[in-house]
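You will see two complexes here that share subunit A, one where it goes with subunit B and one where it goes with subunit C.
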Partner chain A sequence: MNGAQPTIVVDSVSRWFAGVVAVSGVSLEIEPGVTALLGPNGAGKTTLLRAIAGLIGTSQGKVSIFGEPVRGNPSLYRRIGYMTEHESVYDFLTGRQFVDLNARLQGVEDLENAVARAIETVDLVGAQHRRLHEYSRGMRQRMRLAATLVHDPPLLLLDEPLSGTDPVQRLHLQDVIRDLGAQGRTIVVSSHILEEIDQLADRIHLMVSGKLAASGDYRAIRQQLNDRPFLVRIDSSKARELAAGLLAMEVLESVEIDREGHLRVRSRDVAALQRALPSVAARLDIRLFRVEPLDDSLESVFEYLATGSAT
Partner chain B sequence: MTAILGLTARQLAGSRRVWLVLALVSLPVLAGVLFRVADSTTTSAEFADGITASLIASGILPLVMLLFATSAFGSELGDRTLSYLVLKPLPRWRIVAPKLFASVLVGGLPVALSGALAVAIIENGNARAAAATGVGLLLGAFAYAATFTWAGLATRHALIFGLIYVFIWEAVLAAYLDGIRFLSVRQFTLAVVAGLNSERLDTLDLSLGASAGVVGACIVIVAFSALTVRKLTRIDVP
Partner chain C sequence: MTTRPAEIFDLGYRGWEGQRTSRWRRRHAIWRDGVRISLGLGRGVGAKFASWVLIGLALVPMVVLVVISAFLSPAQEAADEFELPSYADYYDWALVPLSLFAAVVAPLLLCPDRRDGVLALYAARPITSTDYVGSLWTAFLTVCGAAAWLPVLVLFTWNALDASSPDSWLRDNWDIAPRSMGAAAAVAVPLTTLSLLAASFTKRRAYAAVATLAVLLVGSAVGGIAEDSFKGAVADVLSLASLSEVATDTVRWLFADEPQTPPRPGWATALWLAGVTLFMAVWLLQRTRQLVRE
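So, the complex of A and B:
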């Protein structure tokens, strides 16, 4: 904290839809720089971003941006650029017309230059006069980003901005976002892939099942995840031998065998458990039939971490 | 305002429903031409009144406005592009007003022109009768646009709401029950047409005068526009 007022204050925000809780009691403050909202699909990232942007109301709690409530306060949008997760655009417009429309609606004064600068930033000058329905998914994302930043807002909310981009486009967009953050803007980027935001965000808020599970930089998040015990059920051909082998590797906190003969192990170091399990099984000639995290709220974290590490 | 007006007009005019509308608005003109070329014992005034009241004001105008005005917001809710408009530093009425004007421009104006042209053909170039028809239909188009634009934003079943309003409320209930005629856009429309040209629609049982028609239509336009602004402020945008 630098003592300045945070750009975004989310205070005990919950939002539910027809009895389904999408976001539950989230409180956080976001300051200038690049901040990531990380979590598996369905974690509540988009709902939280939409509540921050004022697109939806909150069931409980408050959101303020630059010290003002955002809901029902359209003048605030002069200072906000929000790129939604939906890739839908006005297909019948050209890329340039689309950015121009957004600039006009934002009341941008130096229209021509602002539009040209935004399109140049996303490196789509050559394709600006093609209709949006002719664009690839990645190009569309980049033109949507140009439309989001055409009015040069100090706050950018980007919901899965790297989705649909190829590796080259992704690197370019990551550079663009990093540069915009370095210029003193507040940028919030959501992603479900840890690897995507590892080199991008100064700070990460991890959401799981609608709740804020952890906050910090990349290392802190990994540490907090590792510090939480995971309960995992392992279905194998020799449960007792496997338990003995894993205990010998010192990667477990506790182990028990349930009524069906499955192993239930508790570990704080899921990465070590992931490494030890196949090697112990191979060494002891044990067949592994199924490995299943039992904590629902952590299952998805487990999955995306595995996916993020593998890609 | 012009940016949203142009955008919405392109959205509405670019859709396939525009062909249906073209077919509908050509019907009164076709009927007028038929009247001129075919033998008939019906007077031109009676035929013009019938086309205006039974064909245009009771069918074509509300149907065309239903198709366009419910889509003014409805299609953007459906394809999730509404966020591009609401995430802008604009008072919400500056989003609603051009949407309303766009549906009148693309739907209401062609119907009003078609009605005026049809009456001019039937009445042998009677400019006053044609102008009265056009102005009345245009005012009715605005009232329908305000009502159905609100419905398109407020409910997913806006078309059903509109059909019930047009074919049950207006065509049956308000046509026969004097007590609820002040809640019928069709009645306002016809009252204005008759009020602007005293020779028109004298065969119909119109309990509203021209002033009442204008005031009624204006109240509908203002009230439903205000409801749409209110809804747009509070809606959860997909």
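So, the complex of A and C:
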């Protein structure tokens, strides 16, 4: 397979405001598909996204989109849909008028069809003629997404697109974003909420204190955190015997048995543990019911990197 | 049987890469919304109130005067005592509501965009900051210019209709039409530029309105003091601080009326007005550039 070319290249970008470093030496490449820019509030996600969108300059480093510098290159925005974090809308317009305005600003030829298609994509056809100030926050987010993609851009930069949405709207928006990503578009979604990203993004870039703390599939990131032992829960027919058998293994950090009698094992080498476990169980005539990594979640990766880097 | 090596290609995404509408159409979209905002179109009564009342204050007195004149015309004696204002005279009055209109309404085009983060909407579209502010400037100028020109148009139309021979009157006075357009521009262009420049420095509409009125009032005060306390070149130079006085003098020059301020060539007054306006326009452009793309 000929690997996808990076749509966005961020090369050693730093940005500071009056002595405060918001983004520090970030380098990353973003390819087609859904990519998440994740990090706690104040991590520099929005600043980086604005720098990628060319809305602010970089203090150091370069950003290019589709191989072109984005700053001071307005024609490039024909291929970019950028949705800001804050609600930048004209309240007095109807949803349809707002999408129509964006289509005009993008120079869309076939206005009627483009606007109708975009509104249909976010499933707001029934509410399109209501004024934006009558919308709920989630509906406004959806209509803003419609305005962002009305010119059919191959790149979408979405800053906290799911914020303020209720669970139903969130699921719907996640579906929409996933579908757009599946079409081969490049979509960058920023968020500080793990649950939003967990099921949405193919890759994440995790930012902490203005720096890029990790990049890649979050499970792969977790695999690389070798200095932190993995916690694995093992349900078996004889927990204590299995614990005694496993203690002989060098890769083990600790073993404990919780109140329900489940074994919790800490290991720096999960692969070695997985290889050794069946043979130990067989030798001791123990039946294994369940082996589950307890901290192989995005949340645990996020928490570890955020607190680890902060200290 | 042999199998050939396979290759799977990344399809990627290909959106529409063909022709888009022209830059002028995109500017037109901003202009159209600017006009809507200036007049409060598509919004509640509250949003329309200031715009329409102030435009009405500029227009209605002229309509009333023309109606009175129309009723008095048959009674020759009363008509002789009643005199319609000259084209230039009317601007002495109209400048007040027009200044208020610019001070109060023009900030609506910029301040909410800054306050509500709408600037990012424009910044991330294929338009430049010059397109953005230029279109808004043109939008407000369209409304303000129309409000400044309409009363004179009403007077011009009445004068033509009231003449014993409208045809010959129009032949003799056709030049009033371009002069009146120039006069409307001499009032509307500086007011539009000043009020938008003031609006570019604050997110609060009220602050922008106060700043615009302060520039006009302080300038008028300086001009008034100069006339009362100084003579000659000093008074002449200081009187240029009054933007409203300079604008009305330019209007008088355009209609070939006598100026009110110390004698100075009309073209010099007009040139000064153009220079000040250009300076404010360049400042506004730079300021907007900073705002749109930090």
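What we mean here is this: the second predicted complex is superposed on the first by the 215 of 311 C-alpha atoms of A that agree within 3 Å, B and C clash if a C-alpha of one lies under 4 Å from a C-alpha of the other, contacts with A are read in each partner's own complex, and residues count from 1 in each chain.
As a working rule, a residue touches a chain if its C-beta (ideal position, glycine included) is under 8 Å from a C-beta of that chain, and two chains touch if they have at least 3 such contacts.
These numbers come from a predicted model, not from an experiment.
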item	value
Partners on subunit A (subunit B, subunit C) - clash or fit	clash
First (subunit B), second (subunit C), both or neither touched by A:R104	both
Superposed model, subunit A: greater residue contact from subunit B or subunit C	C
Which superposed partner A:A116 touches (first subunit B, second subunit C, both, neither)	neither
Which superposed partner A:R185 touches (first subunit B, second subunit C, both, neither)	second
First (subunit B), second (subunit C), both or neither touched by A:P153	second
First (subunit B), second (subunit C), both or neither touched by A:Y77	both
Which superposed partner A:P32 touches (first subunit B, second subunit C, both, neither)	second
Subunit B and subunit C footprints on subunit A, overlapping residues	53, 55-57, 72, 74-78, 80, 82, 84, 86, 88-90, 92, 101-102, 104-107
In the complex with subunit B, residue positions of subunit A that touch it	50, 53, 55-57, 72, 74-78, 80, 82, 84, 86, 88-90, 92, 101-102, 104-107, 147
Residue numbers on subunit B that touch subunit A, as the complex places them	3-4, 7, 10-11, 14, 79-81, 83-92, 233-234, 236-238
Contacting residues of subunit A [partner subunit C, same complex]	1-4, 32, 53-57, 71-72, 74-80, 82, 84, 86-90, 92-93, 97, 101-102, 104-109, 151-154, 183-186
Touching residues (chain side subunit C, partner subunit A) in the complex	7-17, 19-23, 25-26, 28-30, 33, 42-43, 47, 116-128, 293-294
